[in-house]
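Naming follows writing order (A, B, C and D), and every chain is counted from residue 1.
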Amino acid sequence: MKTKRVLIANRGEIANRVARACRELGHTAIGFYTDNELNAQHLQYCDEWIHLKGSTNAETYLNMDAIIELAVQHKVDGIHPGYGFLSENGIFAEKLNKAGIVFIGPNVEAIKVMGDKATSKALAQKAGVPVVPGTSEAVPTIAEAIKVANEIGYPILLKAVAGGGGRGMRACYDEDEIKKQFEAVGRESLSAFGNGDLLVEKLILNPRHIEVQILADKKGNVFHFFERECSVQRRHQKIIEEAPSPFIGEDEELRRELCETAVRLAKAVNYDSAGTVEFIMGEDKSFYFLEMNTRIQVEHPITEEITGVDLIVCMIQSAFGEDLNIPSQEWITRSGHAIECRICAEDPITMLPSPGLVTGFETNFPQGVRFDHCLFKDLEVTPDFDPMVGKLVAKGIVRSVAIRKMRAALEGVYIEGLKTNIPLHKVIMNEETFIAGKYSTSYISEIAPQDKINTEVDFTSIYKKMAGIEAKRLGM
Amino acid sequence: MKTKRVLIANRGEIANRVARACRELGHTAIGFYTDNELNAQHLQYCDEWIHLKGSTNAETYLNMDAIIELAVQHKVDGIHPGYGFLSENGIFAEKLNKAGIVFIGPNVEAIKVMGDKATSKALAQKAGVPVVPGTSEAVPTIAEAIKVANEIGYPILLKAVAGGGGRGMRACYDEDEIKKQFEAVGRESLSAFGNGDLLVEKLILNPRHIEVQILADKKGNVFHFFERECSVQRRHQKIIEEAPSPFIGEDEELRRELCETAVRLAKAVNYDSAGTVEFIMGEDKSFYFLEMNTRIQVEHPITEEITGVDLIVCMIQSAFGEDLNIPSQEWITRSGHAIECRICAEDPITMLPSPGLVTGFETNFPQGVRFDHCLFKDLEVTPDFDPMVGKLVAKGIVRSVAIRKMRAALEGVYIEGLKTNIPLHKVIMNEETFIAGKYSTSYISEIAPQDKINTEVDFTSIYKKMAGIEAKRLGM
Amino acid sequence: MRTYLIDSEKNEVVVDLTKTIIHSSDKVEFEFSSFVDSELVNKKSVIIRQLAGSYFYSENGVSWSKIAKQKLPKKILSIDRVFDVYRGYKPSGLAGGGEGALLTQMPGKIVKILVKEGDEVYKGQTLVILEAMKMENEIKCGVDGVVKSIHVKEGDALDSGILMLEVE
Amino acid sequence: MRTYLIDSEKNEVVVDLTKTIIHSSDKVEFEFSSFVDSELVNKKSVIIRQLAGSYFYSENGVSWSKIAKQKLPKKILSIDRVFDVYRGYKPSGLAGGGEGALLTQMPGKIVKILVKEGDEVYKGQTLVILEAMKMENEIKCGVDGVVKSIHVKEGDALDSGILMLEVE
């Protein structure tokens, strides 16, 4: 296999991750640094460093033309977009194809179909994949919305066609609420996503967010790598993920059905890369297709940990038309349980982003902990970028062992100068509902573990910090 | 489970490893430092640091009374001996029992039976475990030795009852050689091990060294965690191990037979901890019991990587009479392939120990590499201790992926100031016999990968070192 | 040396490094004394040991925990609390009652007066050095202006809350 | 500054740092020139960049590889070869022909003579500073003794192999 030149059009921990996959494959990893991140830590795993001029995302990691120009100029064979930024942008993928550069992701058609709520839902239905009862096309009027609501029953959700990440949706428990909310949500969506069209959907109560990892090659082979549960969310953004799902638990029948449904959908869209099919699961274990993310996902490590496969490596191989060396679905097995805690630069109680300068960073972990991160002493966490600075992953033979390991791992992260949500994770790892695995997406709002964080400052903790500072001052 | 105070009567990477297991279990890890290793790196994972006075091994890590006295003084619940030193010393275990301290290892009887070649061989035969044809008791005279040799056929091996690690053995291809060697080997053994008794054994040609990992609790449950192949050896000491064995390969029938044989033996000796049953396997895949190591082994990580179990954690739990949470043998599965390269402070060509001062240390790994080590800038590798400074472990879904990952991993270790065998490992990972998995214990002597090491010094390599030095000088 | 930690709610902790014993090139002992509202509320001896390139903290020399090295930061964080850190002297904004009126914040002795009446001074300029708790504290000016009057002289031993000089 | 690398077989490589350009606090460029038997055999400009606390090496400013930081070590190892490192000057044992006779090892100019005839000198003491290849080289004494005679004066431009002074 000829070694390739791979450009990573991303930053932070995922850029590290992709570069390390290239390192294994013998490919040349090429990384960007921008005006506002000259000391981009992810360059440390890259073989070549390129200056992507500008500071705003629009000037840099969202700037298709600048990226493609640099890619051509540096004779790049393929571009890995990571997650976020241009990772699900069909136009970008199209432009790359035109430029003769491989987009390390799925085919353009798949991106486009799955990128639109309505068309993806329609496709799912055609493929016999259960979807949340509701409309697959935009609902033009309030009257129409109410008509649909009466068919599928309350509560319902008003949802922006172009929305995502939990933004642009509103729950309505009766007709009046629809009348009140309809136009407001429409206006919001228009300004937020440039599209005011709304869908009406049945609202699933106490839902679980469960997703299936897909990996496919360019030869029509589509495999699943089991599921992940991502129900611990704040503001509809995941902060803790696990594999396998504690809600599905020992129900192998349900697990197989869910995973095979995801594969069926992926095949229907001729999927040919790493991707994730997201489902919402009700308390009765009925599940409905939400959306398909046509990219690698933040939480991919927990799947790698329980299946032993390197998803990023496979994704790159698939993009270049190489074999995945996976003989069959049955050949893919899972063992143990993995948990991921997203480490974010945010206030652990308000969970609002809290940028800052990392003045000290150390770790001291038990065995078998994985920490994908972009932290280093002197890292400036700016509001420009995602507040997530790392992903702490612990694996055990069973869930209780993974939780035990995660507790010890959280105790072993020392970050100075930055507020992080580590104190929140520490509480959750000792909170009974989580330990019992009986949580839904409303966990944070209902159980409110953030309220159990002990914020008391004791002198020992102050002396520890001061002593570290004074010792450093002495040049020790 | 009440948290315990665990004393680690060892140093180097294994002391790190045990301390990290304690960290996960919430136990207090107590570490030693000696006069000749005040900056013992393994203390970094220990919660308490105790001074074990003295410099020679006899004064320190072999000094039972001093260790037990300190253990009592510091209210220790249990002692983990690591490997080497007192790890297989029945008297030490006995003394601990008397002192009311838990020996984190098997029962005294098991240690003693397996510690003696003759009695262990006899037990194996009683348990129906195949042993290398030969005598199970010492052979008093040359005439007797020749008589046995004629029965079992040449070539034969003259082997010290008390020998080990390949020391105290000599091959004889005919009667004359026995006459020549018998007394010489006896004298050597007497001076080396304080016991001149010899056994006569059939010599297996092109043998594979294959061992089975055992884990047992105090309730009579004995499990195996599949096999490891350790045939890449120099001076009868392992330098590369893999799991599973490429020689056994897809022969699941043979694998099950081997592993179940090991379990049978462990049960016969009422084994109740982590241990390893070592076998020698001929080219016809017939296998014979060699010895049982009644301790955790250097190469345990590769088994942990393919089975997902934490052997040290389980070993500690077993010692304190806790459950291992392993429902059945069938529940234990393996996936993927793991390789370990022992990183030793030695000349890569002569393979002789080469102590020194580590003047610089960095790593830059692909994803999914495990490096258990005791390296840090300013580490002084002295002749007092084992030259092994680390164990590089790479895992992949299949063997070829593990090799690919190991190649990248070896490129990512930067050790300055110390000769290491990394250049040798780099050659082996690209050598066809190894890649084909068709090697025997004579691999190093016959294939001689050490002769393929390129020792040429180019200016770039010199400039790299000088530039690092000058930049540091500038205080950058 | 003394350090002022002042959090977002303007709560103030004063940490004095009242003793430093260097045991070896990689082992040092510190004695810290903490004051809240000029009251000694806590005093502790701690040991820092460098091992394999990292710092470890101990209060008894037996049990150790790893800590992160850091240069003197502008902020120290604890869970959700942020302390602004001022080292060696109080920040101008807090250097005495009124903007221009410098009062002693603790009992101490005037080591040096760096200005005379009529001098033009700027915000942040050191006007007086006050020795207190075995530490020299630079007393800075809180405003730009002119030194109107000086009420103390070098060598004076003062109680807390004494007006040293005024700037207008 | 120059550095002598001498391996176990007494093979000698002389590495001169002939240029240092500091681009920023974490980026510096070095020009190295290497000599074997006083012959320039190699010359190269390299860049060192500090990133996230580690050093990275580049020869073209585009492709980078990580290297280990180290303080000037006594030995530099390469695979199975060990070089003794001497910085700035040749080790006394190699400081010129006879033990007590200091000869120029390369063409250069006498910058300073630090002793006069009759002075008692000790092994390792710097006797002369010789400028060569834009570098000042401390010429050290190879033996304990007394300066017998000085054959050069400050400012002299000398060829290689010239006897500068004698100690006995």
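Here, a residue touches a chain if its C-beta (ideal position, glycine included) is under 8 Å from a C-beta of that chain, and two chains touch if they have at least 3 such contacts.
Keep in mind it's a predicted model, so treat the numbers as computed, not measured.
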Next item on the list: Could you tell me which chain lies farthest from chain B when each chain's centre is the average position of its Cα atoms?
Entry: C
Next item on the list: Pick out whichever of the two, B-C or B-D, is joined by more C-beta pairs in contact.
Entry: B-D
Notebook entry, point to check: What whole-Å value do you get for the distance between chain B and chain D if each is reduced to the mean of its CA atoms?
Noted result: 46
Next item on the list: Indicate the whole-number Å distance between the mean C-alpha point of chain A and the mean C-alpha point of chain D.
Entry: 55
Item checked: Whole-Å separation of chain centres (CA-atom averages), chain A against chain B -> 41
Check: What residues in chain C touch two or more of the other chains?
Finding: 26, 54, 65-66
Next item on the list: Would you give the residues of chain B that are in contact with at least 2 other chains, written as numbers and ranges?
Entry: 44, 364, 377
Item checked: Touching residues (chain side chain A, partner chain D) in the complex -> 28, 39-41, 43-44, 46-50, 376-379
Next item on the list: Flag every residue of chain D that touches chain A in the complex, lowest number first.
Entry: 26, 51-54, 56, 62-66
Margin query: List the residues on chain B that touch chain D in their complex, please.
Written below: 347-350, 356-357, 359-362, 364, 377, 414-419, 423, 453-455, 457, 459-474, 476
Next item on the list: Please name which positions on chain C make contact with chain A in the complex.
Entry: 3, 5, 13, 15, 17, 20, 22, 25-26, 28, 30, 32, 34, 41-42, 44, 46, 48, 50, 54-55, 57, 59, 65-73, 75-82
Next item on the list: Using the touch definition up top, name the residues of chain A that touch chain B in the complex.
Entry: 17, 20-21, 23-26, 44-45, 304, 307-310, 312-313, 325-326, 333, 335-336, 364-368, 395-398, 400-401, 404-405, 408, 412
